[in-house]
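Per-chain numbering from 1; labels A, B, C and D assigned in written order.
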Amino acid sequence: MAYFKLVEYDKPSLRDPALVQGLPGIGLVGKLAVDYIIEELKLPKIAELYSGYLLLPEGNAGVFIELNGTFNLPRYEFYLYRDESKDVVFLAGNTQPVAWGQYDVAERVLDYFESLGGKRVIVVCGTTAAASGEERVYCAADDPETVEELKKHGFRVSLSGSVTGAAGVLPGLAKVRGMKSLILMGSTQRTYMDPEAAKEVIKALVKLLDIKIDLGNLDKMIDEFKKREEEMAKLSELWERMAERARREPEQPWYV
Amino acid sequence: MAYFKLVEYDKPSLRDPALVQGLPGIGLVGKLAVDYIIEELKLPKIAELYSGYLLLPEGNAGVFIELNGTFNLPRYEFYLYRDESKDVVFLAGNTQPVAWGQYDVAERVLDYFESLGGKRVIVVCGTTAAASGEERVYCAADDPETVEELKKHGFRVSLSGSVTGAAGVLPGLAKVRGMKSLILMGSTQRTYMDPEAAKEVIKALVKLLDIKIDLGNLDKMIDEFKKREEEMAKLSELWERMAERARREPEQPWYV
Amino acid sequence: MAYFKLVEYDKPSLRDPALVQGLPGIGLVGKLAVDYIIEELKLPKIAELYSGYLLLPEGNAGVFIELNGTFNLPRYEFYLYRDESKDVVFLAGNTQPVAWGQYDVAERVLDYFESLGGKRVIVVCGTTAAASGEERVYCAADDPETVEELKKHGFRVSLSGSVTGAAGVLPGLAKVRGMKSLILMGSTQRTYMDPEAAKEVIKALVKLLDIKIDLGNLDKMIDEFKKREEEMAKLSELWERMAERARREPEQPWYV
Amino acid sequence: MAYFKLVEYDKPSLRDPALVQGLPGIGLVGKLAVDYIIEELKLPKIAELYSGYLLLPEGNAGVFIELNGTFNLPRYEFYLYRDESKDVVFLAGNTQPVAWGQYDVAERVLDYFESLGGKRVIVVCGTTAAASGEERVYCAADDPETVEELKKHGFRVSLSGSVTGAAGVLPGLAKVRGMKSLILMGSTQRTYMDPEAAKEVIKALVKLLDIKIDLGNLDKMIDEFKKREEEMAKLSELWERMAERARREPEQPWYV
């Protein structure tokens, strides 16, 4: 039996909560979206899940060292959003389960979420499917009726293909349990991280769940991020020009 | 313990049923054969089996997205054929178990099949062994007597070698349980898919099980498939001629 | 829990039996030795062990097809040698467990062997350590006293290094159980198979266990094997000469 | 369930012992440090832990052959240090668990250590983070208070990054259990082994745990080690000069 340990900081009584999962994946879209909501709204942590299937990003077991010199095993963290009319549990994490642990980890998440009375699962992630204009968010759902509803919200419907990793397994297993589940995918062409796609996904969540959140800080982060991208682009252009000059004048050392 | 979930839509009372498994493999022969029978005869689904060992074809856990925007985990599906004198359970699927899950998945299939009163297992698949003329189907069986019977039906006997994957493990484990089991392999030289080999396998099943089925639609599919193959062949011939012309006239840009 | 199934054909009452394991490995030395003894003495099979950790040699799950068209899962087979004064159980097999199943499989073997009253384990295998003259068999044992005894029999003592696979794990786990165990390694420089090294190992077993066996058929097999090796060597020499001639006369087609 | 076997040679009654783990890893720093302490102080062995997750360094299951011709499975060994005021358990080993067994093995270690009444875990290992002067030992801890204390001892605080393998998993899981835990990392730039970094780590342990030990033999080993390094450096210089001469005089055979 693989190692699992659920640490509960609070055992809240919730009103038909939804679960929103955002983990590392394509363009870090899902993780950026959920992390931003948690940070911006200063949501309290209610639980942590540890597992022998949650490894460091490079595939080794081990601990992350935080900026203050403390260490922690890779883990899932559950945060609670509450307003006058509803409850939402956000699931954030710094890693995905290894391939052969995806089902076990997702089952533990669903067990915990059911113990909170939850029956609806939403996953946010990135997709490399291209999109343009207003419709930068793709969707898929457990049944055709939900697909139709999502269409009315302006999301594009994914037709064929697959969703890999925890972003697919969690809603897939939720469906087998008879829970409602859907996937929101922010279209991205960036490989490392894409805060703009994350913003589209946050807007989609706001629309679906009627969450109150200010996107001002996210816009600042996007501006900052784009400025750095431009600087990097200029630097690599400069670098290439120097390299070419060195190639054209091989007799001269390049630093002259 | 790996994740397993059997969803039963019907608990039929069956008369000594046979199980026929056809999963993705060499030339897609087994899958094409069983899928055609299920589609053509509009067989009702009686059960689904989900497992953490059933991954997407590329080896990741995840969900398939269907053409209507809904998603499903990879799964085995059981369909029921009945006529006045007999019952046959067909096992279809969109994936094979991972190597280390083959035994566990096959054991679950046999447990379920035994709960239906079944004691005979047939697997259909492809083989790269060459064959010609009338005898395009190879066979192997759990005991020499069955091998002799299959020979009389005109099948070629496999002598040495191995059958890998679910097509070997299911009948192998059935034999250890004392069940009768045999393998029918359609000879194919095509790597991606071979509907002609699938047709030979369907004819073999018809002969062995006395199933009533019209192969007209299959013949149409084969014609269609061959036409496309020819178009592809012409296209690649054209492409090669253009490439050669470009090679012979290097001073000229190729598009002149 | 991985799949295991022990099939017992006989439940003999044994007199402090030894277990001798010979499985596929370096130069096939261990397998050839044990298979020869079983064949030559026509030993009866008393049990088979099936496991989800016993895969086909290429690492896939599946079945072997025998020369008569029947199939079998990879398995361990236990055979019984008896003479007036002692009993020996021989363990033969057509595969080794996968790396992550070595301990579980070896534990099942030891459980079964202990149920027969056994307390002594001998493993035969090959080694790439060079040796010459009379001393072509290396040894290692669970305690220094046994090492000294083996030395007196003329075996070379392995000093440092490791024994990988089932040939190491079975005696290693036997030692942890407090059983006596030792390893006999036939020195071989052949990669595929080495019947001469196997003969040295059989002679070592005869010496240690006082087994009565005629090696005449083995000598015939070795002669046969060497003759084929020589033919292969001549063929590849001829092939190389033809290839060189083709290289020296590039204008001519090679078949002129 | 994976194979685990704890062999206890002694069941000592201990006074709030600390556990110090030093296993093979970067620069062999942790292993060299703990092995030196055990050897120099001739600590008695109190237990061994065997596991199917402890493989040979190359990733195969098997046994090590010792210099006297006996064999042993890879294992963890527990040694006991006692003086008038305190007890320390040292954990040494000749291998690390495979990636997917790290959690299970660490849990067994913690179970055993808790059965001895222990609540504090220290891991020593190497790190490739560069350091200079007096501060050649990096540290990380389970909470910020311990980090502050370690700083006062003159250790550098790791800020971000990760600790992989058993050196991270053991303290990570200890933290989840509510035990105190910390990591001491000797900075090393040597890939194979670094006895100088090990010395820094031993000095750190002496400071933290107030252990009495003579480092004279370690200094001799370091001198010996450096002498051999210099000889190797001279040899490879000579080798390169010969190779270069051969390159400059291509018409001549290199051995003239």
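Going forward, a contact is a pair of C-beta atoms (placed from the backbone, for glycine too) under 8 Å apart; a residue touches a chain by one contact, two chains touch by 3 or more.
Note that the coordinates shown come from a computational prediction; the quantities given were computed from them, not determined experimentally.
Here the chain-to-chain distance from chain A to chain C, counted in touching steps, is 2.
For the touching copies chain A and chain D, the fraction of interface residue numbers used by both falls below half; the interface is of the different-residue type. Between chain A and chain B, the superposing rotation on Cα atoms measures out at 90°, rounded to the nearest 5. Chain B and chain C have CA centres that are 37 Å apart.
For the pair chain B and chain D, the distance between mean C-alpha positions equals 52 Å. Residue numbers of chain C whose C-beta contacts span two or more other chains: 1, 100. The part of chain B that touches chain C in the complex is made up of residues 1, 99-100, 102-104, 107, 139-144, 147, 150, 157-165, 167-169, 171-173, 175-176, 183. Taken in their complex, chain A has these residues touching chain D: 1-3, 5, 7, 50, 52, 55-56, 58-73, 98.
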